[in-house]
Amino acid sequence: MIKVGIVGGTGYTGVELLRLLAQHPQAEVAVITSRSEAGTAVADMYPNLRGHYDELRFTVPDSQTLGACDVVFFATPHGVAHALAGELLAAGTKVIDLSADFRLQDPVEWAKWYGQPHGAPELLADAVYGLPEVNREKIRQARLIAVPGCYPTATQLGFLPLLEAGVVDAKRLIADCKSGVSGAGRGAAVGSLFSEAGENMKAYAVKGHRHLPEISQGLRLAAGGDIGLTFVPHLTPMIRGIHSTLYATLLDTSVDLQALYEKRYADEPFVDVMPAGSHPETRSVRGANVCRIAVHRPQGGDLAVVLSVIDNLVKGASGQAVQNLNILFGLDERLGLSHAGMLP
Amino acid sequence: MIKVGIVGGTGYTGVELLRLLAQHPQAEVAVITSRSEAGTAVADMYPNLRGHYDELRFTVPDSQTLGACDVVFFATPHGVAHALAGELLAAGTKVIDLSADFRLQDPVEWAKWYGQPHGAPELLADAVYGLPEVNREKIRQARLIAVPGCYPTATQLGFLPLLEAGVVDAKRLIADCKSGVSGAGRGAAVGSLFSEAGENMKAYAVKGHRHLPEISQGLRLAAGGDIGLTFVPHLTPMIRGIHSTLYATLLDTSVDLQALYEKRYADEPFVDVMPAGSHPETRSVRGANVCRIAVHRPQGGDLAVVLSVIDNLVKGASGQAVQNLNILFGLDERLGLSHAGMLP
Amino acid sequence: MIKVGIVGGTGYTGVELLRLLAQHPQAEVAVITSRSEAGTAVADMYPNLRGHYDELRFTVPDSQTLGACDVVFFATPHGVAHALAGELLAAGTKVIDLSADFRLQDPVEWAKWYGQPHGAPELLADAVYGLPEVNREKIRQARLIAVPGCYPTATQLGFLPLLEAGVVDAKRLIADCKSGVSGAGRGAAVGSLFSEAGENMKAYAVKGHRHLPEISQGLRLAAGGDIGLTFVPHLTPMIRGIHSTLYATLLDTSVDLQALYEKRYADEPFVDVMPAGSHPETRSVRGANVCRIAVHRPQGGDLAVVLSVIDNLVKGASGQAVQNLNILFGLDERLGLSHAGMLP
Amino acid sequence: MIKVGIVGGTGYTGVELLRLLAQHPQAEVAVITSRSEAGTAVADMYPNLRGHYDELRFTVPDSQTLGACDVVFFATPHGVAHALAGELLAAGTKVIDLSADFRLQDPVEWAKWYGQPHGAPELLADAVYGLPEVNREKIRQARLIAVPGCYPTATQLGFLPLLEAGVVDAKRLIADCKSGVSGAGRGAAVGSLFSEAGENMKAYAVKGHRHLPEISQGLRLAAGGDIGLTFVPHLTPMIRGIHSTLYATLLDTSVDLQALYEKRYADEPFVDVMPAGSHPETRSVRGANVCRIAVHRPQGGDLAVVLSVIDNLVKGASGQAVQNLNILFGLDERLGLSHAGMLP
C-alpha cells in the first residue's frame, strides 16, 4: 500500500481526492492536514465520506509526519507547496502538487501572474508538468509533479493534435471556455453564492486569467515555437464541468481532422475522441477522469472548432493527480479511476 | 460471472444500473432490450458509458435470450414485468423488477392505483418486497423481487424504528417528501422541462400518489396493525435526491430516539444513522447506495421529526436492485456499491 | 412624491426595494446608505439598475439626511434599526423595518433568540407588525412598521383562516417550509455557495429557528390563545421562493375549507386562493407581491394540508414593505406592485 | 387602446408577451388563440397571470376575429404566420411575427434551412426586420414585422458597431453563444428536460443552426458586403439568458472601441454599453428589454472580444416585439418596457 499524505484537504480538490482514493486498491490516506480544521473528523466535514474514513481527522501540518508518507498531495492555495515541498522531497517523499506553484517553468512569469515572488525556484528543474498525455515518461521518473489546472487540461488536450501536426496558424488560437462554479473553490466569496452564480452566465477575467500563461506554455511546447492565444473564461451555473470551445485556422483544409485526433489519442486511456459530428456534454464526464473531444469544421471552412470537456475536479484536478500517482508508482494508470461518469 | 439481462434500459434507472454494474466484479450485462432503440449502441445513447460497454447494443426483447440470463432486471414502466416475468421465472431466471408491478400484495389495490387490472396476480405469492433492511432473509430465497420505490424506501426506513418499537401513534403519521426531477423519469413531459421545474418548488398529487399504498403496506407490517399516513410529495429543482421529512407523535417522550435508531440499523451496511442534531443532505448520498437518517425532537415536545435522504436512482432504485442481486446470489451485499457519494 | 431613505441597501432586500421603487409612481429614493460601499454608485453594484438610478450612490448613514426623508426603510441585519429608529421617529420620519428588530413584542424573547439585549424596548409599543392582511388599520396609523419575515408571511397567511375560525387543534400545528437560497442573504457564507446549495436539499435549524417565535406570536393572536407549532425549514436549490406546507388537525371535518379560505381573503389584493385541488408553484409568484394558497384534505381525512407560496424577496420582504408604504401614506395598496410574476 | 391579438400563445414567448402587455398602458389583449388549448383560461395555464387576465381564454384561431384587431402577434412555430399573415394584412391588421417566417429575405435560403417551401414569398417585400437599432424608420412605416431571433439579436447588436465602422476583418467573425434552455421552447423534448439540461454544458448544431443565415444576412447589410461567420451555440443550465461572446480581428488596433460603441448606441433606449473592462451578466437583464454590451481587446492584441447579453424571451423575443409595437403605433418606444431586470 502506498502511504498517502494530503496537505490542505478541506477544499473541493481535497474531498475529491479522498473520494477517489477511497476506491483505490493500492493507496491509503495516512495523514490529512488543515490548520483551520485540525481535530475535525474528515467525515464530519464531508458526510459523503462517512463509512469510508471514519478514523481520519485533520491534523496540523507537520513535516515529519508528512515526510513519513510515500507521497504527499498538495490541495492548497498557491504558495503553500513552495514552502513545504523542498523538505518533503529531501525526506524522499514524492510530491504531487495540485496547486499552481510549479506549473510555470519561468519563476518570473509566475511572480507576475500570482503577485508574489516564486517561493522555490530551485525546485523548478525537478518539477514535471503532470499532463500524462504529453509527459508520461517524465512523470514516471519524477519526484515533483505539477498537476495541470482545469482550463489548461481541457484546452491543451483539445489543441495538441492540431499544434503537434502543425496544421493550424498557431498565432491565432482562441479558447472560449466555460466552467462550473466549483472551479472557484470552496472559499466563501460573494461571486460564488448560489444566488449570484445561479441562473446566470458571464465572462470574467477577459483582461487576463492565471491559466493563460500555463496554457500558452504548453501550447508553445506542442507547436515547437511561439503561439498566440486569446482565452476567455466564463462562469456557468453548474457545479462541475469545463467545456472548452476552441478555434484555430487551418493552414490546409485537406487534413483529416477526425483521423488526426483519433490517432493522437489512440492509446490514451483517459482521452475519448468522439465520432465525427458529436457534441460532448460535460455531464458525460461528471465524476470521471475522462476528457471527451469532438472536432468540427463548420460549413466546410478553414476554421477548426474543437469541443473538449472534462470534470474540473477529476481530470481537471484530483483524478489527474491520482493518474499521476499511478504512473509515478508504476501501477496500472487506470487504478481507482475506471468508474463511469454519473449521468443524469 | 452472473449473466444479467435488462429489460427497458433506456430510462434513468436503466442507465444507472449500467453505471453500477460496470463496476460490479461478479456481474456482466449480457442483454439489454428496448423496442424503440433496438440496434443503438448503449454508449451512443449514454456517452458516459463510452469505454465501458462498447459492444452492448439494445435489442428487441426476446424471452429466449432473456431466459438464458441468470437474472433479469426490469427497468420498465408498470405493466411490462407483469407480461414477461412469468415466462422468465419458468425458465429458471430470477427477476428483479424495478417497476411497481409486484410491490403491492393486493392486486385489487394495485388495479385501483394503476388504472388497469393486475397482469400477473398468480405471481404475487412469490414476489418479495426487496427492502433488505426488512426482508433480507426472504430476498435470499426469492426468485422474484419487487424493488421498492424511491419515496417508499426513504420513508419506510425513516419510520421503521418508531413503528417497530411501538413508540408513536401509528394513526397520525405525516411524510412531507421532496424529490429531484429524475424521479419523474426520462419521458418527455412538459412538467419535467428545465424551464418548468427549474427555480421552482411545488407539491403535487396531494390528493393521492401511487407510492402511498406502497408505503402504507410497509408501515402496516412494521406497526403490526393499521396505520394512518398523510403523504405529500414535492418536486424540487435538483436532478437526484429524495428528502423525506417525517412527523410522528410519540406515545412516550422518555424514549431515547437516537439509541433506538442506532440499534435498529447497527448492522445495516447501507443505512447511516447520523449523530444527534444532524441534518442529512441529499448530496451526501449522491450516486451512493446509502440512506442517511437523523432523528429530532424539536423543543423537547412529543413530536418526533425524522430526516431521511437517499439518491432516488441508487438506494431508491438501481443501487437497491444491485443490493438485492448481491443478496440473491449469496455475494457480499456491498459488492459494486461501496463507492462514496459525490460531493460537491 | 414620497421621499424615501434606505439604510443598508447592499443586500438582496435592498436591491429588491430599489427594483420595486423604480416603478413606483409616488415614491423616490433620495438616500441609500452603506458603510462598506459608501461612494459606490448603486448601478455599479447592481447592474440590473443601470438606467434607473444613475445618480444614486451609497452614502454613510447620517441621521440628519435620513431624518429629512418621509420614510426610511431598514434593510439591515438585526440590531441596526434598534440603534437608529428612535432618532428618525423623533424627527417625524416614518420607519419601515425589514429586519427582525421590532417583530417580537416581547423584548425578553427577542433577546433569547437573537443572542443580545433588545436595543429599543421603549419603541415596541409603537411597533406595528406589518402584515396587512391582519393589521391593515393599525398600519394606516403607524409610524414604525416591523415587516414580517419570509417564512412567517407564508406560514401565517396559510394558517390564519383555520385558526381564526377555530376549526383546528391549535396545539398540534406543523409547518414544513422550503426556502430558496436568497433567504440566507448576500453574505459570503460557505453554506450558501452554489457548489454547496446546488443540487441539494436539506433541513436546517430543526432544533429552533428565529422565525419560530415570530410565527407563534402571530398564530397565538389568530387563535386567541396558546398554540403549539413545529417548524422545520429546508434549504432548496432555487434562488427565490418559499413553499410552506402546513398541517393541522381538523376538529370538525364538515367545514368547507375552500369557502373558508376564499371568504377570508376575498378582499385581499395580494392573497390568491387557488381553486380546490390546486398546487401553487413558487415560480408563479416570482418577482410578484402575491401569496398563493391552496387547501387540501387528503383522502378525506381530518388533516388539513395547506400549500402557501411567496417570493421571499417580494411578499416575504421588500414587496410587503412597499405594500406597507402604500397603506401608511394612504395610497392605493397596489401601487408599484401590480406586475405579474415572471414565468418561466 | 390598441386592440391586440396573439396567435399561438401557449409557448414561452406567448406567456411573456402576456406578462409584458399586462403592464402596457396602451395595449389590450382582445384575442389569444391556440387550437390545442381552446377553451382554457389563460390564467389556468399560466398561474402567474392570475389576477391579470381573468376573462381571457384561448380560442380557435379565426381570421375574422383576428382581423378585427389592430395588430396580431404570431408566437408560433414556423409556417403558421406564412399561412395567416396575408389575410390579416389584407384586413388592415398589422402583423408582428415572432417566428422565423419572414426573417430571411431570400425564400430559397429560407426553404433550405427550414426544410419546407416558403409559404408566402409574395409578402417578403413588405416584411421589415424588426431590429429597431437598425430599422427604426422602416418599422415605423411597416405593416409586417419579422421580430429577430434571440441569438441574432445579441449577436448583431454586438457586431454592428465594428462592421458599420469597417474596422474588422468581416470575413473571419466568430460568435460563441450560450443560451438558456427556454430558448428551446416549451415543447416536451428529452433534451430540454431538467435532468438532461441541468448541471450540463454542451455545444449543439455546430454543423449549422437556423440562426446562422439570419445573423449573416444582418451582418452583410452592416458590413456592406460579404462576411464570414462561424456560429457555435451552446446550451447552458439556466432558464433565461443569452450570452454572445464575439471575436473579430481588428484591421487597425488604434481604434477606440469603447468610444465607437458608446457613440453607436448613444440614443438607443435598450442597448447599454457598459464601462470599459466590464463583464455583463445575463441576470442583469433578466426580465428586462435590454441588451448590455462590453467590448475588450485582451492583452492589447488585434482581436476584439465583445460580450453581449440579453434575456432571450424579452429583448430576444417578446420584449422586442412590444418595442416594435410601440414604434409601429407611434408611442414612446419604452412604454411597458421600462422595468428593471430581476436580480438576484
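Letters are used for the chains, namely A, B, C and D, taken in the order the chains are written, and counting of residues starts over at 1 for each.
Following the convention adopted for this analysis, a residue touches a chain if its C-beta (ideal position, glycine included) is under 8 Å from a C-beta of that chain, and two chains touch if they have at least 3 such contacts.
In this text the structure is predicted, and so the values were computed from the model without any measurement.
> State the pair with the higher C-beta contact count; candidates are A-C and C-D.
Comparing A-C with C-D, the pair joined by more C-beta contacts is C-D.
> Where among A-B, B-C or B-D does the A-D interface show up again, with more than half of the contact pairs the same?
Same contacts by residue number as A-D, out of A-B, B-C or B-D: B-C.
> Compute the distance, rounded to whole Å, between the mean C-alpha positions of chain C and chain D.
That pair's centroid distance is 36 Å.
> Report the inter-chain centroid distance for chain B and chain C in whole angstrom, where each centroid is the mean of the CA atoms.
A distance of 39 Å separates the two centres.
> For chain A and chain C, let me know how many angstrom lie between their CA-based centres, rounded off.
45
> So which bits of chain B are touching at least two other chains?
Correct list: 12, 180, 182, 186, 195-196, 198-199, 237-240, 280-281, 283, 286, 344.
> In their complex, what parts of chain D are in touch with chain C?
These residues of chain D touch chain C: 12, 15, 18-19, 22-23, 46-52, 182, 186, 198-199, 239-240, 272, 274, 278, 280-281, 283-288, 290, 292, 313, 338-344.
> List the residues on chain D that touch chain A in their complex, please.
Chain D reaches chain A through residues 172, 174, 176, 178, 180, 195-196, 198-204, 206-208, 228, 230-232, 234, 236-241, 243, 245, 247, 249, 277, 279-283, 286, 296, 298-299, 301, 303, 305, 307, 309, 344.
> Would you pull the chain B residues touching chain D in the complex into a rising list?
Residues in contact with chain D: 12, 180-182, 186, 188-190, 192-199, 237-239.
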